[in-house]
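Read through the structures below before going on.
Same chain, two partners: chain A is paired with chain B first, then with chain C.
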Partner chain A sequence: MNELTIKREIESLELIVKLIEKFVIQHKLDNQTSYLLNLSAEELFTNMVKYSREGTGDINIILSFDKNKVMMKFKDHGVDEFDITKAREPDFDASLEDKRIGGLGIHLVKEMMDKVEYEYKDRTSIITVFKNVEK
Partner chain B sequence: MDSEIRISLNEKENKDITEIRVDGVIDTVTSSELEQVFNSLMNRQRYKIIVDLSGVDYVSSAGWGIFISKIKEARNSKGDIKLVNLSEDVYEIYELLEFENVLKTFDSLEYARVDFGAGSPNLNGKKKAKNKPR
Partner chain C sequence: MLEINVGENDIIFLKGRFDAAQVETAKSHLEKVTETCTLDFSELEYISSAGLGVLIATYQRLNKDGHKIKLRNMSKLVRDVFKFSRLDTLFEIE
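== the complex of A and B ==
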């Protein structure tokens, strides 16, 4: 299992990229999986930094690989509940003028990953995503 | 994957079209540089913009958000933003975001120039590609 605790700031993205890089090498994962994990991690982490500014603690990231399945978990401490699995989808039928830019990142994560779970307890948001990998 | 971006401009080829060549990654960290380039072009009333992504293998929602917000501004001033040379990975995300009806992509700079109405003698009678990937 690979784990990292990082500060709630955009600059921490670099550390996430390094963690994923190490994880991908360790488990001999393909480039496509690496790309999707990086993109999902960026979207999830950026949302936490942008929309939970009141968050009081650092953010934990846990990566694990078991039975051809990658699990990536984010624990965001001291924040209000925001269930991304129930977040409003961007309106793709809207005209360009009305198109909402917000929500694109979450939409992407849901599309790229095979499963997205959300849990909220003790003022901690826990987002877990799963990606099946063919090996 | 290093979070770096390099941006260069070509305004010589066609007078009213600006071609932006981007290399590196367009993510939360680097996308502000791209936004500044768009802002500065639009401040100079340059609204016909082609973005060459051949050197880009990663665009997160931060980058897509900039394309979408700037395209509104460009079209309001009779311009547009067209993307060319998307890598397979980047094109996959473009499809997931269902941007086909909003943001045009082409598989070469020449096709995008033609779509702006700038004729190119180098096409040798080939039909222009509309919304054609890569």
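== the complex of A and C ==
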């Protein structure tokens, strides 16, 4: 199990990158899995920084690997409920001229990971993503 | 860390990680671009939606004056991000 507690600020992204780098080496994961973990972690974390500014606590990240499945969990404390599994999809029909980036990060997480779960209790948002890994 | 360098024929080379922490660095370079340009991604290891946002904003600014952005030499993993964002058909990718 690899865990990290970080402050709700974009500068913490560097710590997440280091945590994932260590985890990838420890479990001998491939480049693609490494990329997907980095991308999911960044998109989920930056969403928490951007949209839960009122959050009163730090953010916990937990990574684990079992039976060829990677699990990454984010716990965002002291925030309002926002179920990302029900978030609105970006407007893919917009031309590049009218394109807006809103919602794209969460869309990428849902597309590229195998499973995304959301739970809300005691004013804490818990997001868990899973990726099956071929080894 | 993201490095941006301008090479021969004004091709702009991006190297490293284009993540949310690098948005201001990227903007400060790309805001100087005023004409059609080519971005070379051969040493770009990673891009997230934050990076895509900067590229889209740059495209939109240039497009108002009839200019565009061409992207080239993407790795498969970076191209997948464009594909899942459905931007692979909107940007001109060599």
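Definition applied: the second predicted complex is superposed on the first by the 128 of 135 C-alpha atoms of A that agree within 3 Å, B and C clash if a C-alpha of one lies under 4 Å from a C-alpha of the other, contacts with A are read in each partner's own complex, and residues count from 1 in each chain.
We take it that a residue touches a chain if its C-beta (ideal position, glycine included) is under 8 Å from a C-beta of that chain, and two chains touch if they have at least 3 such contacts.
Computed from a predicted model, the values in this text were never measured in an experiment.
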Following superposition onto chain A, is the placement of chain B relative to chain C best described as a clash or a fit?
clash
After superposition on the shared chain, which partner residues are touched by A:Y35: those of chain B (first), chain C (second), both, or neither?
both
Classify the contacts of A:L15 with the two partner chains as first (chain B alone), second (chain C alone), both, or neither.
neither
So, A:G105: does it touch chain B (first), chain C (second), both, or neither?
both
So, does A:I62 touch the first partner chain B, the second partner chain C, both, or neither?
neither
Based on the superposed arrangement, let me know which partner A:T46 touches: chain B (first), chain C (second), both, or neither?
both
Where on chain A do the contacts with chain B and the contacts with chain C coincide?
10-11, 13-14, 17, 32, 35, 38-39, 42-43, 46, 92, 96-97, 99, 101, 104-105, 107-108, 111-112
The chain A residues in contact with chain C across the complex are 10-11, 13-14, 17, 31-32, 35, 38-39, 42-43, 46, 92, 95-97, 99, 101, 104-105, 107-108, 111-112
Using the touch definition from the top, list the residues of chain B that touch chain A in their complex.
1, 3, 27-29, 57-58, 60-62, 64-65, 68-69, 71-72, 75, 89, 93, 96-98, 102
What does chain A use to touch chain B in their complex?
10-11, 13-14, 17, 21, 32, 35, 38-39, 42-43, 46, 92, 96-97, 99, 101, 104-105, 107-108, 111-112
Touching residues (chain side chain C, partner chain A) in the complex
17, 19-21, 46, 48-50, 52-53, 56, 59-60, 63, 77, 80-81, 84-87, 90-91
